[in-house]
Each structure stands twice: as structure tokens, then as C-alpha cells.
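There are two complexes below, and they share subunit A, which is joined by subunit B in the first and by subunit C in the second.
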Partner chain A sequence: MSLATALFLAFFGIAAIWFGVVVFRTHSMVRSAIALLFSQTAIGAMFLVMQAEFLGVLQIMMMATEMSVMAIFMVMFMMDPGGMGKMDMTHQKRLSLWAGGIGLAVALAVIWTAGWQGPVPEVPGADEQARMLGRELLGRSMFIFESAALMILTAMIAATMVAIAPQERDVP
Partner chain B sequence: MIPELLIALSVGAALFGVGLYGALSQTNLVMIIMGVELVLAAALLNMVAFWRYLHPDVTAAKMFVLIVMAVMAVEMAVGFGIAIARFRSRGSVEMEEARELKG
Partner chain C sequence: MSIAIVLLALAVGCYLVAVFEGWAVHGRFSLTRPAISALALLGREQILPRTPDRLFFETGPVLLLVAGLLSVAVIPMAPGLIITDLAIGALFLNAALAYVLVALIMAGWGPNGAYGMIGGWRFLGQFIAYAMLIVMPITAVAMRAESLSSTQIVLSQVALWNVFYQPIGFVLFVVAALGVAWLPPIDLPTGGGDLGGGVEAEYTGARLAVWRLARLVIIVALSGATVTFYLGGWLGPWLPGWAWTALKTLAVAAAMLTLGRHLPRLREARYLAVSWKLGISLALANIFLVGVIALVVPI
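On to the complex of A and B.
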């Protein structure tokens, strides 16, 4: 076990959880989006600690863009994006707390009783990992990769069609 | 016993719990999407941890991570498309006011 790795994982993990909690505690929606960005960035940093360099950088870059877009949508659609009116935008809090708590407890019970066996295997270098991933994408997992591309294309068309304002001629 | 794996999986479990709470308790569509994003992020973290500490030689695990990232982007794009349509027709994305969507 590497103490430094465990410490960095714990540090970024606590940061990710803390910012995740802040997302739902703050009244300001813009702060919520920024807190989610920090939480996702901390997860990306955990990927880097776990030597998944490509995925870590991808996670940070993707989430930075995604959360910036989300912040813009917050300002557009929220009644009180700055949180000045301290509006309560929650419901069924007790049920949600129970569901989240039970989910957490069950997951923790499984994790801590599973008995994962060591030793920790060696990881290939970053360049070797990228080469292996490239071979995977263009080899055995090509069909899955192409299906993901189709899924994204379908979602782009669907999201655009749903969001376009109906024209007068479209209304029967 | 692999302590680093336990730490990473426990963080994933906590993020799952927080995300589930958020997705269920919020009334605003954008905030619900945020909760789902946290749940998916927990899944990502688990997959990377399993890859790193159990099977670093299996590249298909990373492929799975890329697919979940694509699902996150798709979920957000379609969610915001629905939010725009809803805002245009009703002037709000509060899900408390969307009871007519109930089957």
C-alpha cells in the first residue's frame, strides 16, 4: 500500500463528497453548478491519482465544459438563480434522505464485507495505456464505440428537435 | 485487503447517496439532472477503481468509463432540450407543476 496514494485519494474523495453536498445545500444555483464542477474535478483528480491519466484529464475537461453550460441554463431557467430570496425548492425531503442513506449504507456494507484480495497489480505506463485503449476502441470494442457515436448523434437530433420552437404551420 | 480500493469505493458510495438524495428531493429539473450527474460520477469512480486495483490489464473497463461519460453528456443534452421545451410552454421547469406528465 502506498501511503501517499491513499492520502491523496482520501483528500480528493472528501473534497468530492463535500462539494457534492454543497450542490444541494446552497440557495444560489450558480454556486450549485460551480460546486458540482469542483466535485467532478476532484473525481478527475482521483482518476489521476489512480494512474488513469487519459480518463482523468478527459473527466476534468468534459466536466468543466458541461458545468459551464449548466450554469448558463441555471441563470436562464431558475426563478431565483442568485439565491437571494432563499426559496426552498425541495420536496419529499424525508423520503429522499432515507433513500440516499439506505443506498449509502447498503453500498458501504457490500464494499467493506466483500474481502478484496491484494496485492495491487502494476499498471502500464500512460503511453502504453493510451495504446491499449486505442487498440481496444478500434478492435474488439469497435461496435460498442460506434453505438456510442450513434447514441450521441441521436441525442443531438432529439434534443434539437425537442428544443426548437414550434412554427405556426406545425400547430394543427 | 486493498485500502486504496476501499477508499475509492467508499467515496463512490457516498457520492451515490448524495446524488440519489438530490435527484429525489429537488423540484427543479436542472437540479435533478445535477443529482443524476453525481450518481453517474460515482459509477465512473467505481469503474476506474476496479480497473486500477483489480484488473489493470483489462482495457474494456476503460471503454465502459468512456461509454458512461457519453451517457452523461447525452442525459444532459436531452434533459436541457426538455427543459427548454417545458420553459417555453409553461414558463417554468419546476417538476411539481408537471403533474400532467404522470401516466
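On to the complex of A and C.
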């Protein structure tokens, strides 16, 4: 890995973490959602730095939609979406600190103990990567993706059912 | 060098689209009007609304311009005349256009005004309607080309343009493109006569000039994408390739600007219902048909 690549990777990594912090520092729900979007976009940029063009662009594209939809839900359900009333975004601080600390420790343990194979010497071209991803998705990983899709569809239908106000029926 | 040429062509294209739009809206053809309007906007007072989300307010128009410019980057004018010929160009175009939504939400939320906010959220509803109709027709186009590269997609149409090969996809893509650029009859995010300018309502002066320029770039980008994906890009007899791309792009832009004005406005809820119930079914049928044709009679 060249020095420039490493620098860019570190820059986008730090940007991702910083925007993640901003999510909780702001009082505005929309700012929070957009900060999460830019955190995820920075991760997409990290994919691009690592020459995974398809995955990077896909990440950058999908998150724009998802976080925007999340923003409107946050505005709908929170009592102070603009953050004008200085509502506190944090709660259960002791529990959150412990959960965050343990999560970090586990993540670091996994990073240090996992047997990484080292960087790949030769990165396949972007069109070759797309072809390989397609074969993977329509082959070995197809069942995982199809079952995930089915679960998301079920959740969507269930969420819609919950959201629709019950109609008043004539009581016999 | 090719970057400078494409950007120059984009600037000329935006100007001509502005002339067309003025002609379509006001009924008067004037080559100087867009320049005068731009100068007037730049000279006007810039009003800042009370208690805005300043960051969003300032970022909205700039992000819209960046999204438009990035989507232009993968549209080829001629062989080699493209800003960057990515292997995943079609997907990149989608990704760039997704940030049009983010820009509109930011610009709608930023000024802390009711009209802008309603306009911004309306565009989100509109986005949910058109998103699938942008992606699924492009999938069928990429299936025929066996590549996501926009140059390869043009080359795959040497024998027959995609508009004849997959007409359903073409119609769906154009309807979705009208939604992306909030052109009539799907122009409720800025809905003149309904929301007092919607997302644009609180913008004045140079900020409004950037916003309007960004929208022109997006219209040119979408017309260019339609030409690349369905109308054979630079392919054509007698004239050089870049001239064909330019002529076709302007023709598509003119059609997009004028045709919709003769239809009644479509509310975003209605657009959503039609897009999902009819549009997605047709888009799936289109993918299936293109798959069958590609396997049975490879053209």
C-alpha cells in the first residue's frame, strides 16, 4: 500500500468516525441523520480508496436513500425534530458507556486475533470485480441474500400494518 | 483536455436548456434572457431567513451542483471524449443522482420555512416513486451491453438503438427522469402557484443562481443519460460523434421541458402509486423480455 493510499484511507476513516460522533452531538434530528449519511459515505470512500469501485459506489448510493428516509421518520416521531428545545440526545449514559467500551474491546480483540491474509498483491479490474461479485451473489451467497430480502419484505409489510390506523368497525 | 471540452459543452448545453425553458414557460424565445437573469440574480440582495440551519441552507445548492457535475462525468460525448470512463459508469450515475435527494432535503429543511420544508419532503416522496424506475431500466440496458461502462453501453447499440430494443425501459426511464429533475407534470417540490416556490422559496441572489444552474446541469445530465442508454449516444451517420451527442441531448432536453407542460400536475402520492403498481411491474417485465431476447436473438 502506497503512502498516499494509506493517508487517504486514514482521512476517510477518521471522517467516518467524526461524523459518527456528530450524530450524537447535534440536537437536530435531520442533522443527525445527514451526519450518519456522511459517516457511511466516508466508508464508501474508503472502499474506493481500496479500489473496490463497485462496492464503494454502491455504499455511497444506497446510504443517500436510506438515511434520507430515516430522517423523515425521525422528524415524524420525535417531539423536537429541529433541536430548538435543546432536547438531550443521550440517555442511560452509564449503560451506554459500558456497552460502548465492551463493544470496542471485542472489536479490537477480533481485529488482533483474526488471521488476516495480508493485502492482495494484484487487485482485479473494476469490471472483473463486478463480474466476480455477480457470480458470488448468484452462487454461494444466493441463499443468504434471498433470505435477507424475504425478511426485509416481511418487516416492511409488518411495519405498514402497524402504521395504518385501525379502521373503526361496526360493533354488532 | 477532454475534461475541458466536456465542461465547455456542458456550459453551452445548460445555457441552451435555459433558453428552451424560458421559451416553454414564458412563450418567448430569447437568446439573451438567461444571461440577463443570471446577472440580475447575482446582483440582488441575499436574504438570510430567521433562525436557519445555516449549514444545510448553504450546502443544499452546492451539493445539488456537485451531484449534477458528478453525474455528467460518466456520460460520453464521443469515443474518448468523457471525463472519466469508469467500468461501473451506470451505477456511478445512479449514485450521483441519489444526492439530488439529499440536496433537496437539506435545502428544504435549512431555511426553517414551511414552504421549503414541505417541498423538500415532497421530493422524498417523489424519490421513493422514481428510484426503482431509474435503476431497473438501467439494469436491462447493462444486461444487453454486458457491462456497466457507459461507453460499452453505447457500443452495444451499434446494430439497434435501445429505444427500439427495449421501448418499455425507455418510457419508464424518461418518466423517472422527469421526477429526478422535478419537471412538469411532476414539479410539486417547487410547485409554482402551489407552494410559492417550495424548496426555492427562501433562496435569493447568488444562492438561487447556483441552485438554478445546478438544476440545468441535472437536466442536461439526465438528457445525456437518456441519449447514452437509449438513443445510441454518439452513433449516427454524416456528422461527427460529439455533434450527434449534442444534438440528441438538446432534443431530449427540449422534449422533456415541453411535453410535460401539456399534462395536469401529478401529486407525489399518485406518482408513487402509479410508479410502484404499474411502473415496477413493467420494469420487471422489461428485464425479463430483454433477458429472453438477449438469449434467443443476440443483436
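Going forward, the second predicted complex is superposed on the first by the 154 of 172 C-alpha atoms of A that agree within 3 Å, B and C clash if a C-alpha of one lies under 4 Å from a C-alpha of the other, contacts with A are read in each partner's own complex, and residues count from 1 in each chain.
To be clear about the criterion, a contact is a pair of C-beta atoms (placed from the backbone, for glycine too) under 8 Å apart; a residue touches a chain by one contact, two chains touch by 3 or more.
Note that the coordinates shown come from a computational prediction; the quantities given were computed from them, not determined experimentally.
Participant: With both structures superposed, pick whichever of subunit B and subunit C touches the larger number of subunit A residues.
Facilitator: B
Participant: Using the touch definition from the top, say if A:A16 reaches subunit B (first), subunit C (second), both or neither.
Facilitator: In the superposed model, A:A16 contacts subunit B only, not subunit C.
Participant: Given the touch rule stated above, what does A:L108 touch, subunit B (first), subunit C (second), both, or neither?
Facilitator: Only subunit B; A:L108 stays clear of subunit C.
Participant: By the touch definition at the top of the document, which applies to A:L97: first (subunit B), second (subunit C), both, or neither?
Facilitator: A:L97 contacts subunit B only, not subunit C.
Participant: A:L58 in the overlay: touching subunit B, subunit C, both, or neither? Say first, second, both or neither.
Facilitator: Both subunit B and subunit C are touched by A:L58.
Participant: Applying the touch criterion given at the start, work out whether A:S68 contacts subunit B, subunit C, both or neither, answering first, second, both or neither.
Facilitator: Only subunit C; A:S68 stays clear of subunit B.
Participant: Would you mind listing the overlap between the subunit B footprint and the subunit C footprint on subunit A?
Facilitator: In the superposed arrangement, which is not itself an observed complex, subunit A uses residues 54, 58, 69 for both subunit B and subunit C.
Participant: Write out the stretch or stretches of subunit A touching subunit C in their complex.
Facilitator: It is residues 28, 30-31, 34, 37, 53-54, 57-58, 60-61, 64-65, 67-69, 71-72, 82, 84, 125-127, 130 of subunit A that touch subunit C.
Participant: For the complex, give me every residue of subunit A touching subunit B.
Facilitator: Checking each residue of subunit A against subunit B gives 1-2, 5-6, 9-10, 13-14, 16-17, 20-21, 23-24, 29, 32-33, 36, 39-40, 43, 46-47, 50-52, 54-55, 58-59, 62, 66, 69-70, 73-74, 76-79, 89-93, 95-97, 99-101, 103-104, 107-108, 111-112, 115-118, 120-124, 129, 132-133, 135-137, 140-141, 144-145, 148, 151-152, 155-156, 158-163, 165.
Participant: Any idea which subunit C residues touch subunit A in the complex?
Facilitator: Residues 51, 53, 55-56, 86-88, 91-92, 94-95, 98-99, 101-102, 105-106, 109, 112, 121, 124, 127-128, 131, 147-149 of subunit C touch subunit A in their complex.
Participant: Please output the residues of subunit B touching subunit A within their complex, sorted ascending.
Facilitator: Touch residues, subunit B against subunit A: 1-22, 24-31, 33-35, 37-38, 41, 44-45, 48-49, 51-57, 59-60, 62-63, 65-67, 69-74, 76-78, 80-85, 87-88, 92-94, 96.
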